[in-house]
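Input: structures, listed below.
The two complexes that follow have chain A in common; it is paired with chain B in the first and with chain C in the second.
Coming up: the complex of A and B.
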């Protein structure tokens, strides 16, 4: 790209961001709080079926390989206990002790996680008997969660085999039972605008924090595992696990539940159906929690609303609907997703381009979080990276953006970087002082800083010197790369780029859609 | 082998039938380690193998040792098939005997929902491998219901039918077991279940009375797909003409795949 084109592109980006909400008709309005609706008269038959109908998970040599990363396995085991204990307490008259006694018991389990995964039904038998249909949905989707993690943790499968098996697991999940969760993106703002929405987080902020902490880990672990060697997985979990155990579990200031594509954007791009299903599962948890916590609902009404909540997120409810389809009169059937990110439904007051992200403000998800240049569609061209630090994960376009964005953040960070080999992701982990390390032998970096409009041309990572040389040879006509020298990890780490010339901060319709006063927003 | 001995060894090993349940310390199957079943079947397409040993110290016989090996397969939703063998040594001064081949079918009609108990039934066929022995048919009805919260109670009603009884043998005999199970260690550990049972069983010969026996057991998860179990049983009271077994121990291992 020549200078003129670069400048035009940058100006276009800046003006596009500035104009994002300049036209009245484009300004999103908050979805008003919904009136209480009864469940449909014709609920799926399986919801009344007294049989358990349990199906054995898909067989594979990878099953239980999560135990190769034992701290992760144990944390996931504790999550199962944490979910179950809270549900059991609520339905056995212990709601008043949720924030004190139950929280303390669950917290102890989280700090001393069990070696093996307990059966949730054994820990929450009363809840399981009362909402047997809900347990089926939870259990079956938790099996998908567990098996996809097992595949990713398997040391015996290639990257391609893992991709293929995860697809097969999805098909097995979706085709085997009538109670699979929809893989379509759902409008999260609508689902969180039910009459009872917010009741749980308001009454039980600490326990809700735990639930959202669980869901943070259940999302974040996917990119941590994806494309990484067993050693890289274990090293990353030292960072991710510490963040989970010390910060994420105890946060009570979240605006909204953690979204899968926020925490694992790479996996969500590759497997959008799974990302959506897990978000919808986690939203089902929120819906159920809010129903159980709403003091205005009687026992019978709670049961009816839980039936409706399950029905809302079932695949069968959205049969024959497609991603990006939208019923303008019914937000339950709004399946728009963010541009370039089919694995995430619409969030509060968002557009397909802009979303509010806590701690960052409004973000354009199609753009680099550091330089605002458009992100690649995928990483197959060796372009793209993510930065994970302090619990967030951001998409960036080049390795300079990744490094510099991490440097602006205190604490440890993880960079996941596309290389010239689509099957090899370069993973860099920093210590508290910002020193980067990698288990890969001798990665090579290119960095000839210029305008960020084409930063992915001059800032790249390679798996070897030979790959670096091949790239320069293939781009011999690019004058910016003339005389470029290969950089070692150490040399590259010591560099610091200038402030990106292309950065533009998007503007949203309101400063923070989650902090609008009650009467104003709904 | 006489019917009474076969029945006694069945009680030693896989008790009232050849069937066991999913490999989870809280899923209970006959023989692992006590006599009773809960009302859950294996998952659809699940496979499991169970192995157990049992030793008994009868009052008027020599020490006996038995083993049980069983394969189970979830052939349909809420249903599984099983096949097993129960070789044994001693007991009546005999040497090794291969015992019978046990075939079984278990079906769960409903899980426990709200106040309605879980209900299941199983049918077993015990086919002797030795000449002169007759086929036994086992029928069992199972009801499982939760007590206060974590304690579960399991009522098993048994009928054992001998289609071709020898002189002096009962064509049908009956039994009942009340079992209880309770996960142990909550809320700090989640891998062990304690079991107890009280069993009544009619003697196999005409004119024999009932035996009342009790048992205690533990099931412990040792890996994600393996459980070990231990149990002890004792005949508390025996009816007219019945042998008494004051002490019996059982140990086993179950795995699924």
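Coming up: the complex of A and C.
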């Protein structure tokens, strides 16, 4: 008896110790605010070169095809004006008027976006001269932004041609100049823990809101364009553009800048290097903004810190480093990414599985946002979808989860759904009342509701009745699918699933890692 | 000796099972009903239904089914955000028996007609207690007595009075 009691006690202790250990191992601690560090003595030589060092963009029949979606092209043109006007105002003594006069002018441009893309240096000549090295990095990465969007908007290229050309554009960007931004995931918490971090958003919340609104659109547009026909792209931009112009530009309540993989998870999975480079570019904007807004820094120190900020995100600074590598003593070289999502670096207090998302709380990015079942690695087997609504985009496992998650969210929504054909994404757009429409002719749906553990088996979308029949034939041994009927879009839309039996809400180490200092409950 | 050995084996088995169960339940994430979200109106967490009482307030608008934290949040958005026909399933004090508020062609109706409403302004963290539909006056009295600390002196409201309060 004694032996038994001892064994039980020992086992209980082992299990308790195991739990304590796992908690200690996995509970991330916030990265403390960093002391001001000087830039390295040996900065790249091009950073001292006042010349613009411009390179002509890669030739291609797709160049300027973004103008086929004119409202998007114009909004992007206005973003370039908005960036430049603010930077010029800051370096010409107009910081005091940033939230009032400058904001009003920029807002007018955003509401009446220009037809053509301006040369940013014609709007911000002083800034361009003062920080030529920074302009080089900004301009060159903006060229990558513009050309990748042109490729995606091209009506003359196939899906495979677009994929190949985007790869080629990345190589052109990365190999042509020494001032490319690193494609490695960076620890965003560390980059946002500099001594000056947060100064801009605190002093100029409205203008910072505009910057983060721009960055939201510059991320969200990629999944909107990817795999969509020109008509689908235009129809989606009616929803995305309205969200951008009425909500995203004017939000001042964001915890953090919009991340690329949050807004375009599908594109980020396919092109993680580009996703990381754009996040690092947007973080460079934040670093520079914060340096310029920090009243404790003198002009000389500001210049030095901007040099250091550029250096921190350059590809050359992280040469010979790899994704998932981590220097435990220097978070600048922490290149871990989220599990299954190589296109996003670590966020505040996150683990490779768990991340805090504003409005949703802690989420496991490897799991369906609606039923918590593990997401597919890719969409090549006709499994997986994303739901975009109210400015967010979430990954889900099956089309039932996609439909029901959208139905539970106010406002218009967009579903992007994998089909049996990896080159054909089914795009559905809903109105305010949740009525779905598609430009694709006669998509067919399968739905034989059961446990969500197998939801991707019984809830799918197909491009045709023939594809539906072929799937049933290939899965004839699955008793759950016996007698399954093909559903039209209308029939499928009328359905409503039960609450998923598999859903589990993950718990993070704190309610909201971005509001720890405020002691906010959520 | 034999019975003792059997007893010891059983106890060891039980010990192992209990340790395994302890570890399993301690390590797994909190199970919850999908889709736990924040209220679109007040941004606080939507209090989930329990085995004893319903708390979620679903608003049906076309094919949308939006969950609100309390009937006031749902009514306020019904007045300002949704133009067309809609219905709200307002949880009552009885599990599985909501009061159904329907707006068709701009006209509201309430089912059952005997329904009255609790509406006591105060902290919105208690809104699902402060604002609730009751199937009839008797249910109202019992509910107010049960939550006497928060609802002290509460008078039953008609739907029109509640709708007027919702902003």
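We adopt the following convention: the second predicted complex is superposed on the first by the 495 of 522 C-alpha atoms of A that agree within 3 Å, B and C clash if a C-alpha of one lies under 4 Å from a C-alpha of the other, contacts with A are read in each partner's own complex, and residues count from 1 in each chain.
Methods note: contacts are C-beta pairs under 8 Å (C-beta built on N, C-alpha and C of every residue); 3 or more make two chains touch, one makes a residue touch a chain.
Given the structure is predicted, the values throughout are model-derived calculations rather than measurements.
J.: On the A-aligned overlay, A:132 touches which partner chain: chain B = first, chain C = second, or both, or neither?
T.: Only chain B is touched by A:132; chain C is not.
J.: Once the shared chain is lined up, is A:410 touching chain B (first), chain C (second), both, or neither of them?
T.: Only chain C is touched by A:410; chain B is not.
J.: Applying the touch criterion given at the start, work out whether A:332 contacts chain B, chain C, both or neither, answering first, second, both or neither.
T.: neither
J.: What is the contact status of A:117 with respect to chain B (first) and chain C (second): first, second, both, or neither?
T.: first
J.: In the overlaid three-chain picture, which partner chain does A:434 touch, first (chain B) or second (chain C), both, or neither?
T.: second
J.: In the overlay, work out which of chain B or chain C sits against more residues of chain A.
T.: Per-residue touch count on chain A favours C.
J.: Output check: A:85 vs chain B and chain C. Expected answer is one of first, second, both, neither. What do you get?
T.: first
J.: So, does A:52 touch the first partner chain B, the second partner chain C, both, or neither?
T.: After superposing on A, A:52 lies in contact with chain B but is clear of chain C.
J.: After the superposition on A, what does A:499 contact: first (chain B), second (chain C), both or neither?
T.: second
J.: Which positions of chain A sit in both the chain B and the chain C interface?
T.: Dual-contact residues (chain A): none.
J.: Can you list the residues on chain A that touch chain B in the complex?
T.: Residues in contact with chain B: 50-56, 59, 64, 67, 81, 85, 88, 92, 105, 108-109, 112, 114-119, 122-123, 125-126, 129-130, 132.
J.: Would you pull the chain C residues touching chain A in the complex into a rising list?
T.: Interface residues on the chain C side: 8, 11-12, 14-16, 18-20, 22-23, 26-38, 40, 44-45, 61-67, 77, 81-82, 84.
J.: Under the stated contact criterion, what part of chain B meets chain A in this complex?
T.: Touching chain A: residues 22, 24, 26, 40-47, 74, 77-78, 108-114, 116, 146, 149-150, 152, 183, 186-191, 221, 223-225, 257 of chain B.
J.: Residue numbers of chain A touching chain C in their complex, please.
T.: Residues in contact with chain C: 1, 3-4, 7-8, 11-12, 14-16, 18-19, 22, 359-360, 370-372, 404-405, 407-410, 430-435, 493-494, 496, 499-500, 503-507, 522.
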